[in-house]
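Two complexes, one shared chain (subunit A), two partners (subunit B, subunit C).
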Partner chain A sequence: MMDNHFQSCIPIQKEWDIVAARQQGRDFSKQIGFGAVDQARIATAISELARNIYLYAQKGAICFEYIEDMEHKGIKIIASDEGPGISDISRVMEDGYTTSGGLGAGLPGIKRLMDHFDIYSEEGKGTEVTIQKWLR
Partner chain B sequence: MDKLLREIVLENSDHIVKKWLTEIDRKKADNYTVSISEELFESTNREFVNVIFSSVEKEGMLEDLHKFSERLIHLGWPLSYLTEGMQAFRRVTMNFILERSEEVDSQQFTEILEGVDQWIDPIVNFLVNEYSGNWENTVSIQRMALQELSAPLIPVMEGITIMPLVGTIDTERAKLIMENLLDGVIKHNAEVVLMDITGVPVVDTMVAHHIIQAAEAVRLIGASCILVGIRPEIAQTIVNLGIDLSNFPTKSSLQKGFRSALEITGRRVVNVGEEDDVENILDSLGKE
Partner chain C sequence: MVLEKYKNLLKYYLATKDEGALYRADQFSKRSLQQDISPDEIVQIHIDALQDLYPDLPEEMRLSLHFLLETMISYGIAHQEFRALREKQFELKSEIEVAANMQNTLLNTVIPDDGALDIGAISVAAHQMNGDYYHFINDQKNIGVAIADVIGKGIPAALCMSMIKYALDTFPANLSNPQTILQLLNRVVERNVEPGMFITMFYGYYNQEDHLFHYSSAGHEPGLFYHALSNTFEKIEAKGIVLGVQKDVTYQQYSKYLSIGDMVILFTDGVTECRRGDQFIQKEEIVDVIKEYIHLSAQEMVDQVYRYFERLQDFDLRDDFTLIILRRKY
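Take a look at the complex of A and B:
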């Protein structure tokens, strides 16, 4: 039986922690009952979030939570760091905007991969991104 | 004082050994040693305690200890067995000495404590170092092995080369992929490179970015790159992420990629007979 409120966090400090977070997310989503495509979506979203932490904040954590409402169950993932923060959130949500020479598809891409996307950031304090995916 | 303590302990080694063995035996029940047979456990315990005594006696002669720990590492015994054994030894020895002395003031107590620590700590440090040294060694060997596996390039036919990628791609590996790809294209004089990502579990923007860059670099040196082995779920996430791969050719399987590579190099698969069917060879290539 699944514990209804299981939550676990993976600290992100090294590049290989990204792999650990992704693996954990994949295992969780499999446990909840997501199919292969959604598992890949969730793992990819986690990979993006974890890489953002590793690249821009150096240190942070990815937390997983099992969520449930009347009809569905799902997964909630919170990526938080105490990095430099994002000064203009609307710009990072634009496709193709990048400060690191990447593709600039990270955050807007995550939004398209998931059902719910929420970002909160304060300059100099850090960033917290919350994403959710419901099982249909 | 230290010498006196040492004498007490060595003279009464039988007694201490007996107590230590009961203490260790109690530990056996709750953990790690489930898979170890009774006899082996007992003989190892005896050996361990002899090694401890011989290093106490010889004051830091660590030859026996080295042999012993090397053997345990080889057999895969957990480090916790050794550290718990040493803790038990410290407890038993302290108790024994304190029982023996009639009246102990705090000054003497500290001295006894220090004395015992002086024998035991070097042994513990030595064991921990041996173990962690062994782990570090293993990790670096594995890292080397992984690096050798990380970006192989296989020339399958004149002008056609395949790079099968299996596992996670991190920045270090992405660099290797690029280098090997370019070196290989020059070395094998390849016209077409097939990059197979069937075994890559996740394609996020970073991985995609590196693949795009590698393909672009291959194009610059005059060859073309075909991305093959894109699984359906990976295709969907790439589209969701909004990654633009329209600039270079992709194919679902290595088999299809190989066919177009043949076309590019001006060749074609022709049936010559039923036993020696090139189509079959291609089919089996695709299944692998």
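Take a look at the complex of A and C:
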């Protein structure tokens, strides 16, 4: 069996870094065995998270981790930054909050693309979003 | 399985170019929607089916289909969001329905039918909840009538109306003086309503013994008197500032003697601001419509007038509509 136990990070500063993060995520998910639709969904979720860092925090990183439990294997992605943080998380998790402005999938969209979604944010300190997807 | 089904349909279509196959494709997409299959997944099904049917698909074709899949991912997210929002909207709608029923119970009033007046009243909300309000008081000797309109409509207006109702309920039973009632209500509204929200109100009471109709207005849409003898209509002139703007206001009180057959016609601006296309209707039109149904009972009149204006506005009210007609019977 191929060694899947990757763990790596891509720093996000320039817009081009978003593409690098997408590529990394796609390669890893392909390695794990995700199909084309799931690969594309994972890449899109990474894209959204990286874009948020690039647009609102300027500096941060996307980290990838191979995960497994008794039944499945999967991918875990952590997007962290030291940006301004989010003061009202419930608000940004509402449907239609960002999409109506044409800003993309928004956090609720990312949540739907994945199996697990978690967010920590503190104003003035930064934001950390963790997402996971299991291979079925 | 969905893929098998799609593949067979596709194969059949490619072989026959038959409209029947396209019809079945249409049915297929409807079933897929019901099963919550998103657009990007359909593209994937298409790719898989095509690769099964044509294992030697040119590389460019294969890649371009994958490219299409990638561009559909965001549509898939939008599709799911749409579903979630629609569910949420259903929830909200049923919640508002419950509130509207509650409001109807709260604001319920009995139209007096045992005295010298023949009374008709109708009030229809433009949205689910009504920002108009009317109320009758019947103490054997006098019949009191209140009509009010919150500027604005929908839920905020409806909440505001409940306040008026409860304020009125707390006033002593023997208080029937329109001037005083408006003055007291103004104080309540001024204290409890945010600036920028106004309520217009007309309050009148009819003395069944001397047949005088006493009334005051807080900036309310002027109603009409109908003189049976001359078969003419006259605007009810009454000055007064809307409720809630100034702290201490004294309202003027007016009186009018009603002969047998005379009518008092009260309404909200949902009636006068009915539109035909982009044009407001003229006040004469209201008079004309009322004239047309003048032979009917007061309740039949208001119902018919409402039906007329409902049709005029293509069955889509822009504002809450309230119309009250009082006619002296004897």
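The rule is simple: the second predicted complex is superposed on the first by the 123 of 136 C-alpha atoms of A that agree within 3 Å, B and C clash if a C-alpha of one lies under 4 Å from a C-alpha of the other, contacts with A are read in each partner's own complex, and residues count from 1 in each chain.
FYI, a residue touches a chain if its C-beta (ideal position, glycine included) is under 8 Å from a C-beta of that chain, and two chains touch if they have at least 3 such contacts.
Small disclaimer: the values here were computed from a predicted structure and weren't measured.
Three-chain overlay on subunit A, with subunit B and subunit C in a clash. More residues of subunit A are in touch with B than with the other of subunit B and subunit C. Of the two partner chains placed by superposition, only subunit B is touched by A:E15; subunit C is not.
When the two complexes are overlaid on their common chain A, residue A:R51 makes contact with subunit B while staying clear of subunit C.
After overlaying the two complexes on the shared chain, residue contacts for A:D95 are found with subunit B and with subunit C alike. Within the superposed three-chain model, A:L113 lies in touch with subunit B and with subunit C [touch as defined at top]. For the contact definition in use here, the residues of subunit A common to its subunit B contact set and its subunit C contact set are 36-37, 40-41, 43-44, 95, 105, 108-109, 112-113. Put simply, subunit B touches subunit A in their complex at residues 168, 170-171, 201-206, 208-209, 212, 232-234, 236-237, 240-243.
Here subunit C touches subunit A in the complex through residues 40-41, 44, 47, 66, 69-70, 73-74, 76-78, 80-81, 84-85, 88, going by the rule given at the top.
The touching residues of subunit A, when paired with subunit B in their complex, are 15-16, 18-19, 22, 36-37, 39-41, 43-44, 47-48, 51, 95, 102-103, 105-106, 108-109, 112-113.
Against subunit C, the residues of subunit A that register as touching in their complex are 35-37, 40-41, 43-44, 95-96, 99, 104-105, 108-109, 112-113.
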